[in-house]
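For clarity, chains are labelled A, B, C and D in written order, and residue numbers in each chain start from 1.
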Amino acid sequence: MESNKVAEQLQEYFQSIGNNRKVLTVSPDELIPLMYRLRDEYEFNYLTDETAVDYGDYFEVIYNLSRVPQGDILMVKTKVDKEKAEVPSVFEVWPGAIWFEREIFDLLGIKFTNHPDLRRILLDDSFEGHPLRKDFQWVGGREV
Amino acid sequence: MLRTEEFTLNMGPQHPATHGVLRLILHLDGETIVKVEPVVGYLHRGIEKLAEARTYTQVIPYTDRLDYLAAMLNNLGYVQAVEKLMGIEIPERAEYIRIIVSEMSRIASHCIAVGTYALDLGGFTGFMYPFREREKLMDMFEMISGSRMTHSYMRIGGVAADLPEEFYPAIKKFLKEFPSCVDEYDGLITGNEIFQARTKGVGVLSQEKAVQYSISGPTLRGSGVNYDLRKARPYGIYDRFDFEVPVGEKGDCFDRYYCRIQEMRQSHRIIEQALEQLEELPGGPVMAKVPKVLKPPKGEVYHEIEGAKGILGYYVVSDGTTKPYRVHIRRPSFINLDLLDEMCRGWKIADVVAILGSIDIVLGEVDC
Amino acid sequence: MENIFVNISGSIRELIGVLGLPPLFNEAVMITVKVTGILLFIVLNALWLVYMERKVAGYIQCRYGPNRVGPKGLLQTAADISKLISKEIIIPSGADKILFLLAPVLIFTPPLMVFMVVPFGQNMAAVDLNIGVFYFLAVASLSTVIFWIAGWASNNKYSLLGGMRVVAQMISYELPMVLAVLGVVMITGTLNMSDIVRAQENLWFIFAQPVAFLIYFIAGVAECNRVPFDLTEGESEIVAGPFTEYSGMGFALFFLAEYTNVMLVSFMAATLFLGGWLAPFGLTIIPGWAWMLIKVYIMIFLFMWLRWTYPRVRVDQLMGFGWKVLVPLSLANIFITGVAIKVLDKMGW
Amino acid sequence: MVCLEERSIGMEIKKDLQTKHPVEDLTDDPVIIEQVKRTITLAPLEKILNLARSNSLWPMTFGLACCAIEMMAAGGPRFDLARFGYEVFRPSPRQADVMIIAGTITKKMAPFVKRLYEQMPEPKWVVAMGSCAISGGPFVDSYSVVPGADKLLPVDVYIPGCPPRPDALIHGMLLLKEKVKNPKVVEEKPWKAIK
């Protein structure tokens, strides 16, 4: 939608903002101010989806924001390298992110700073390793 | 000094009212709830990891088993996401078949939602009547796709097969009887004073909190937010049909329940219009020209549809090979559940069951 | 046909009298014969009611009830009960063993004791107490304690919750029941069951005291823990209430006791309000005790009909309804009956 | 084809007595062998009780996934499980006879399945409904799924299908009824049970 328009306007505030093919990319440290601005000024008041992908040596965290009830949608992405996987939590901007981020932490092992209670949600607490990482090894139940 | 202690009660993974294997740790002060702690993950089958080891078409049967009450809608979401990624145009006839079949699936899902809600509140007969209608829908699904619940009927680029001849008389008969059946539910469940006493004013969810906590579907519309993706951001050919979006006022359990009853009536209207327009269409193909082995271009897509429980989104990343690099599913039941804690505070145990029933979650979708 | 049972008991009395034993012994034998007769009647009826409930539930929910076990499914309850007899009885660790095993045994005594007083037909009451109604109300409230024992002894949080709910519900619904029955007693002036029935010669009390009948019926539903007041065994909330931990015969006794309570309340409703063994419009071709059974089964069908249409009430709504609606209503009913009796006396009836 | 399985852990009814009594390899103390032979035998009373047990198998409300919806449909108006007297779905394991495992058992759920099985009073049976309960089904090579219920519990009847139709579940329950009525049918002539 109008992601490139949003990108130019925000150019002067956040240098790290980029826009390739209608997706806003921003660095993790400027994430929260950008999110606040997107929510207040551009009334993206609804975080529909927050997920993450493991691209080998770096993680990419993807936020999809939309306007309720108009319905436009915007995708914002941040990149963080694999060792120190540390992303600020958008819990204070949209409280709905609490379970999204717990699931990402559980399945991919990305820590979210100042998240109210970052624990495993889907897997057993005694489960070691994060399944959705590309280098996750496990033995299936298929008797070959 | 008389000191009353809080005690924790475990509405464990096996409980008649938790719609599957959800565990609620209730911190109680007598019968009133102090804190609710939902524990999920007892049905986590790792579908997102399995999808990474399957080809694009092989992922479709996994999407059936997510929200196993409305399997067609799950297929629709995934298939439209991949079509958007590959830029495929599907034939007109397939579009209409998809709309008819997914609205039927929505009615079947709401039938169960209404039925189990009456069962949770103790009305066993209110559970049986919607199941009778659902059996008729099951027969029609079996005619179309060969299976009652896990259809895997939609393919990337269209639908698996055209509608059989005996489907049309069956759907017409169903469409004639269905409104009187919904009025019957009204009489049996909605008009029941004890049902109203148990649901009116219970578990109120305000509009701002619902939007902040990214709640979606009848739960969001019950609080008065008019946000239905079929109207807000029409996908497929939903803009050719006219239907209203039922919206509640006070956001209590009754409004959420009543939104579902109204939505059944609206889906009934959509199917009627879609059937008329389908009959005028010349008999074209139902499957676009799609290569046997799908190799979508490198890239990613995020596509959302209005599922039976809420906004069902698919985020597919492809790296050019035949297997998706990453499939993430935005599951409405999973997100609608995180607000259960605030909504249940101060109410009784019986209300936790009522509120959980009104949010209408399916554990296959919560745990993915 | 009218008093076939009276003749049977008379012939048994002569049979024993012939032996020339001391009269006290005759009395004891007569009482044991009556007790076994009533116990047999209760157990058979309870078995039959379980089957009837499942069939009625089936037809209300547009499906068949059990019809495969035995002719038309009649042996279904027999199969259930004999299966439950042969089940292993598990006593949970930490449970209060004596009380845990005592509760199912005790659950049958209050209804059995009250059945001694119920007039099955023309002077066919086992013991014709002259304070029958008072005895009924006193003993019927004993089952509250037994449910509470079961709830407490099974060392399970759900049973504890169920037990607490039982005490709250049954006590707060004793009061409207007593006050409703008081309306009837004021008109007849006697507490003897048979006299109350005889007093309804020309006008059944259901027409004289419609409000009292309604209150009695609602309080009766609450006494037997039937839907819409089945909070003790709130299936979807607290699993199975006080008898979550009971398996095998323990559960079977609770299961049957519920139906005995329903039968008891229906018998009382029939005697107090529906004119007991009096035939309506003088159709005496059917014997009195058969009329009594017909009325009881109509009431039981009402209980079942209620169960398969209404959801469950919440705890505080239950208490609110009991105290804020039923009790004032029954007090007003007593006041109006009192005034009406005085006015009718003045007009010389 | 619904197939009947001899229980992997030898439960209450032993084989006929002419062959070596299994208790003999447990202990060689003649007194105990005598006692065991005298008590555990297929007395006529046991036959009648088995007949009663087979006609009133109370399943436990224990739905895990999609098969649970088909189990509810089996109890529904059209495929009426009540005709056989099996529609009394008891929520508490204490009062249930049959545990119908309807759905996928995950590793997080496995201890609870085991505990529920142990809480059920003897004699109890297990029906594995759906291919997830039989062998992990479509999720067999997932990291968090137990491949099959027989890894945890002795299973009596396997009902294939994903999800099996409600009448397949009823067929499975009737097979269980045959097995409960005459436990020997499993060893000698299983095809007799599948009329």
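Structural remarks
In this section, a contact is a pair of C-beta atoms (placed from the backbone, for glycine too) under 8 Å apart; a residue touches a chain by one contact, two chains touch by 3 or more.
For clarity, every value in this text was computed on a predicted model and none was experimentally measured.
The chains touching chain B as well as chain C are D. Ranked by how close its mean Cα position lies to the mean of all protein Cα atoms, the top chain is B.
Separating the centre of chain A from that of chain B, both taken as means of CA atoms, is a distance of 25 Å.
Spacing of chain C relative to chain D, judged by their CA centroids, is 38 angstrom. Chain A and chain C, compared by their mean Cα positions, are separated by 63 Å. Remark: chain A and chain D have CA centroids separated by 47 Å (rounded to whole angstrom). Looking at chain D, residues 76-78, 91, 108, 141-145 sit in touch with two or more other chains.
Residue positions of chain A touching 2 or more other chains: 123-124, 131, 136.
Contact with two or more other chains is made by residues 15-16, 41, 44, 46, 49, 128, 132, 367 of chain B. All chain pairs that touch, listed by label, are A-B, A-D, B-C, B-D, C-D.
Here chain D touches chain A in the complex through residues 107-108, 135-136, 140-148, going by the rule given at the top. Across the complex, chain D meets chain C through its residues 48-49, 51-53, 55-56, 76-78, 80, 82-85, 87-88, 90-92, 94-95, 97, 119, 121-123. In the complex of the two chains, the chain D residues touching chain B come out as 60-66, 68-70, 72-73, 76-78, 91, 93, 103-104, 106, 108-109, 112, 116, 138-139, 141-145, 162-163, 165.
On the chain B side of its complex with chain C, the touching residues are 7, 9-10, 15-17, 31, 118-126, 128-129, 132, 188, 192, 194-195, 197-198, 348-351, 353. Residues of chain C that touch chain D in their complex: 54, 58, 61-69, 73, 75-76, 78-80, 82-83, 86-90, 235, 239-240, 243-248, 251.
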